[in-house]
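One chain, chain A, appears in both complexes that follow, with chain B as partner in the first and chain C in the second.
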Partner chain A sequence: MSDDPRHAPRAGHGRAPDVFRPGAWVPMREYGEDEAVDFVIVGTGAGGGTLACKLAEHGFSVVAMDAGPYFRPLEDFASDEAEQSKLYWTDDRISTGENPIQLGSNNSGKAVGGSTVHFAMVSLRFRPEWFKSRTLLGYGFDWPLDWQEMWHYYHEVEEALKIAGPITYPWGPPRPRYPYRAHPLNAAAMALAKGCEAMGVAWTETPIATLSAPRGLAHPCVYRGFCVTGCSTNAKQSALVTWIPRAIAAGAEIRDLAMVGRVETGPDGLATGVHYHREGRWRFQKARNVVVAGYSIETPRLLLNSATARYPQGLANSSGLVGKYLMVQANQAVWGKMEAEVRSYKAPPSLAITEHWNYDDNKDFFGGYCYMSQGPLPQLWANTQINAHGLWGEPLMQEMQDYNHQVGLKIVGEMLPQERNGVTLAEDKDQYGLPVPRVSYSWCDNDKALIAHSLGFMEKALGAIDATDIWRQEDDTCHLNGGARMGGDPRTSVVDADCRSWDIRNLWICDGSVFPTVGGVNPSLTIQAIACRTGDRIKQMATRGEL
Partner chain B sequence: MPDPGRYPGYDVLRKRHTPSWNDKTRQVVDARLAVPREPRFFTGQEMAMVTAIADRLVPQPRSRPPVPVAALIDDKLHKGHEDGFRGDGMPREREAWRRGLAALDAEARARHGAGFAGLPGPQQDALLKRMEQGGLSGPAWGGMPSKTFFKQRMAKDIVFAYYAHPTAWSEIGFGGPASPRGYVRLGYDERDPWEAAEARDGDAGDAQRKNRNVG
Partner chain C sequence: MKTKQAGLGLLGSLALGAIGIALFGREREAFPPRRQLPDRLALPLPDQRGAERLRGLRRGDTPRSPFQRWLGLPSSPAVSRAARVRAARRLNRSAGLLATSVLLDSALEHYRGSFRNPAMYTPLGVSALSLAASLHGTGDPRSGRHPFRSALYAAAAVTGIVGTGFHIYNITRRPGGFVWQNLFYGAPLGAPMAISLAGLMGSAAEHVRDDRPGTAPRVFGLPAGRMLAAMAGGGILGTVGEAGLLHFRGAFHNPAMFLPVTMPPVAAALLLNTAAAPARRDRWLTRWWLRLTALLGFAGVGFHAYGVQRNMGGWRNWSQNVLNGPPLPAPPSFTGLALAGLAALDLLEDEPDA
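Then we have the complex of A and B:
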């Protein structure tokens, strides 16, 4: 097999890479293409990777495919922003609308483990009321999930990832102590803390999915700071080093460099398997159930591209909502300079957080936001300066000289679900011959009000700690969610609470695209909690003969 | 005498053989330092234009070997690496660069009677400023918004190329590669011995002495 995991698959011939030991392998069960497996899962990120583990551990036969490579972090990952762009989904996409969103490095991963391989590891629970935001808070849509049940699954994920976090969390109902101790604060996080104290709001160490103590063969975080370009020491608890090794040990097969282009349906209207491209040709894997877990762009794209005479609008789309109500999260920032050296390139970028404005409802807009300390690496920082701050030439070079004194606060803010925001298929074709997704995004007035509120507050918080040269980065968004939402009514949702499609009962969707609303926290913990719940529900339904 | 800069004597490459650089990092940075200077995607004329634009966006001191910005962009386009998204009216990256350079050169000739690379700096800056604001829209743009080309493609590729280079890391006092050693001292004004020392209050000597021992 080739040494470059981007050119030839690594998983196969009865083995998969051992991500914990250089050059080593773990045994992996394999399934024939003509052998209908219980579940074929499309995507191995926070949704698909987690569900593959749960289903395999419950005794189902599972094949999980990912379009991306199977990396060995200890050998393949450099301490280098440019090289590590190999982790991003960089296939062609068109981004349009009044506020076109940035994709690629911003929110998309192409690797076994999905975007968890380069996520910032911030692992937060939803505010309980958000699961019933229409009923309790007057906006968005209610989820068909109960927060107390989700509290149970959040705990399961936090244990599975050994989240490092504070002893007591300042907001929301009581939660258990985090499994691993909180990380120490870097200077950027101390700046956030001091600003919160000056403004009279609470802050805490961010619950974060990187080890603060040894775990098995993985070492604690060394505060290298390249987190969002992939962790080369395995401290980061990505799906690649947590759920997927568990899934393989429980009998799942992972197929890397396997791009699924179409879900096949039979004469009875049920899904029969997936067409996928691997090693230079299209293949077909039979399955009794198909789970689509490609995240908020690839999931709608695949469902729309699988249209048939019987399902002319695409699969699972009798509601017409596949690819609609896409949501991103607001990601605006305020930046300034400190007299002291901050050197925010050290340690995970967001070690301190305030969720104050997620829990305080005395605001003139719906939804909430948290904000966190920041640590941009040089390429990203220079691009922010030239694109958002408008500096080039000598002013840019002068500004970059102050890199080690920069300090910043950045929100993860709730944008409201709007039908007009979404994913459709464009005329252009990608390298597999599949139609390129066209993503359209426009902010609504409430989104703009939330952004204005956050920028004003963070600007005061930086001013309160005597930062100078303060400026606002007004146009940025981050995580994707929605596009195939869950609900209690087949007419107004794509899947039910169990992530099972209303239209095709052996077709499931398990990733961030099922979110009806997006909340004001990073979504990965919630995606994984939903996947854990779905795995348990499938086992229960199978036991009762309801699959 | 050249300005010693904010981090006098600091060279991130001195850490190449320390526990801050793993094998993969050495391999990719070595390849970057050896990037071919002859273009493989751009024509010679395009290459000269990219160099001229980079000199305006990320001007470099003459006291050290320059970061080969145009060669790094040429390498990226030659290999076909893309961002993974493009705006409305934007072609894919290679086509965007080809068309954007031709359109900028056409604007330069129409306004000043000479190609962009041959214009004096202030005239180049004025054209780039107009492009940044979306004020260029001649037929050679083919409907591609000049502002989007500036922000999404040209400026981004130029700063990404510049700040991918160890010379730029040293210049801003960035710690650079850090695997597996990482860092220990995380607070305000806390510096690990393998990080750049800043010349403060005009005292370059102390910083220079510390920077000689970085490794």
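Then we have the complex of A and C:
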């Protein structure tokens, strides 16, 4: 039998891969398909993986499915950008709009552990005001969550991932000490720090989900910088090496290479289980509750694809908002060259950060952004040069000679939620015969103003440290959020604060798609905090007989 | 190739232990057991008072210096020549251990820093010479200060101070200046003082050895036993600070990492008490605690070796992980200082003064 996890499932026969020991296995509980489990979860990323762990630890029976493979990081991950594209969701999708999103590497993963297997590990808390951005800041929508409660869950996640962060965080209300100390700054991060000092804004070490000291069988970071192509040392605290092993230990079953095509609903309108494709055929798993956690494109797509006569617009969609208000984040950059070698690819890419413009409201646009130091791997850098400057052949080779001297700053910026941005179903079918998603995206004037502001500021910051050949990369976006937002009113939201759909009480959505707004920080910590909260809320509701 | 590398690694890590054992091991050979010292009661006249004190008579034999009076310290005993030489050799030994620790640690760390600045070779040379001086002194049964050793030790003491200056400069140059990031990862502030301590201990050894019969042994003009106890205690506290900082950087991820910030401070407190408190004959607790601290210094190497193993590739990838993991040569600093403390105790206990 081939040991390629992309061809045959690894989890099964009572065992799952032990991600910490080459070739080893851990025992895994299994559930029959006719046995209605308490929860079947679609997707095992930041949302689904976390929730699977919480629910299993609260004593529920859980089956979590993922369309992606079950990787063993110590064995399966090569230091090779091309090979590692196996981590991305590259199924057919149509991308349209005035500013179509480039889908795949920079926004969606397909693996047990989801996009966290190749994410950049930046682990930031929301600014508290963003949870009430309509009321307090005058734009977007209010969340039905209280920031202080979220502060508590952020802490839970930071502990679970042993986030390495600064001793004191310069912005926002006080937070508890990060469990691990910050990593040493690489030269790229030093450049950010010097730029900030020249511009008179605060900077700090980025709180990041990779180990600065050993943890159990996971090794500390070796600073080789292959993070966004999958970490082969297990230093990266992805869902694959944190929540999932905990979930399995607590009795959850993980099914890899299991693509869910449809959520089934019964005559009473409640969800009864999921149809999924595994080992060459369609199967059905019975469940008392279904959680959809496929991220902002696949979650709406699955809900829309599960339409019935009773729910002709798709499941949980009485508001008509499933697939609407999708948000990416602005990911523009300014690049330059330093006289001295920088070798920015060494170490995790974003070791230093400034959140100055997230907390300063003296701007002529809504929302905020942070910016971080960068460390593109060579192939990505060559691609950047090709796309931005049309270089090829000799000129490209020439440019790549300066690779070790490149320095860059890149934002994660808040884009405003717009109804026109979102996911619908196309005519085309994918390899499973399911309608593929059409993703439409256009920037609004506020988005453009934010981008212009950030590019101007970063350009000055690079100029202040004597970088030369400074240029702007204006088109990049990252992270997906929204598409099934939470809220306090069934008419204007898809799920409530507990991630429970308003329409079908045993259907839940627990991933990045529940965000009403995105904020100016990377989303995974917030997704995991919401999942932790949801797990606790479900337990409370179960005790009170409210499920 | 692989096995050769592994062999070299093993040799390297054993070297430290071997030197330590050699230094420890000399004790029995070199020094007759204390109770059998031949000259204890057959002392020249001034030391007769020491013998009287043995029988419980009052102290106050040598005139107190203004400084001693100011501090309210009792006067010091006049110690026999043999006892001095023995104490001096012990101090040479602890200076040697400190120098070894500095030699290996600065070699590793400055190699890691690619010897960017030629000054980074200095601590290697100076600590190697201090080690040589210490080996020489440890094996030297003669009394009287040795000019070369004295000069080398003085140079070591100065080197540490200059090194601290360099390290402070390095930190201030980094963005943020004196922030945790730079204290963790910039040039370590406390490290160069270890070479100064080696120099000071060595200088003290030479002072103590410098025999002027009938006078109390003094170090830098102060009573030797008390002064040394204070120096060793202070040195331990400094080393605790350094270990504390680095273990905090490692988030105390292993409970054993609390040992060097809990055990040695007690040793330091006991030593400082020894230095300042009224004379007492039997300081068994201090003695035992110092012995434990000395042991902890060696055990630390083992803990750190385990820490190296926990990095990606473990000891198989020693050439990276020895640089990357916890510093193997650092913990024996505690041993060196604890041994100095023990030498101080010996000085004080041989004559029932302090």
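By definition in this document, the second predicted complex is superposed on the first by the 544 of 547 C-alpha atoms of A that agree within 3 Å, B and C clash if a C-alpha of one lies under 4 Å from a C-alpha of the other, contacts with A are read in each partner's own complex, and residues count from 1 in each chain.
Following the convention adopted for this analysis, a contact is a pair of C-beta atoms (placed from the backbone, for glycine too) under 8 Å apart; a residue touches a chain by one contact, two chains touch by 3 or more.
Only a predicted model underlies this, so the values are computations on that prediction, with no experimental measurement involved.
With everything superposed onto chain A, say whether chain B and chain C fit together or clash.
Aligned on chain A, chain C fits beside chain B.
How many degrees, to the nearest 10, separate the directions from chain A's C-alpha centre towards those of chain B and chain C?
In the superposed model, the angle at chain A is 90 degrees.
Could you look at A:392 and tell me whether it touches chain B, chain C, both or neither (first, second, both, neither)?
The answer is first: A:392 touches chain B but not chain C.
Where does A:136 make contact in the superposed view: on chain B (first), on chain C (second), on both, or on neither?
Touch partners of A:136: none, neither chain B nor chain C.
With the two structures laid over each other on chain A, which partner does A:212 touch: chain B (first), chain C (second), both, or neither?
The answer is second: A:212 touches chain C but not chain B.
In the superposed model, does chain B or chain C contact more residues of chain A?
Tallying touched residues of chain A, the top partner is B.
Could you say whether A:24 touches chain B, chain C, both of them, or neither, answering first, second, both or neither?
neither
Is A:104 in contact with chain B, with chain C, with both, or with neither (first, second, both, neither)?
Touch partner of A:104: chain B, not chain C.
Once the two structures sit on chain A together, report how near the CA atoms of chain B get to those of chain C, whole Å.
6 Å.
For chain A, what residues appear in both contact lists, the one with chain B and the one with chain C?
Dual-contact residues (chain A): 184-185, 190, 222, 233.
List the residues on chain A that touch chain B in their complex, please.
Residue list for chain A touching chain B: 75-83, 85, 88-96, 100, 102-105, 108, 184-187, 190, 221-226, 232-233, 338, 340-343, 345-347, 377-379, 381-383, 385-387, 390, 392-394, 396-397, 400-401, 403-404, 439.
Quick one: which bits of chain A touch chain C in the complex? Just the residue numbers, please.
Chain A residues touching chain C: 162, 166-167, 179-182, 184-185, 190, 193-194, 197, 203, 205, 212-215, 219-220, 222, 233, 235.
Within the complex, which stretch of chain C touches chain A?
Listed in rising order, the residues of chain C that touch chain A are 174-176, 180-181, 184-185, 248-251, 253-254, 307, 310-312, 320, 324.
Sort out for me which residues of chain B touch chain A in the complex.
5-6, 20-25, 27-29, 32, 56-59, 81-88, 92, 125, 128, 132, 151, 155-156, 159-160, 162-164, 168-169, 171-184, 186-191, 195-196, 198
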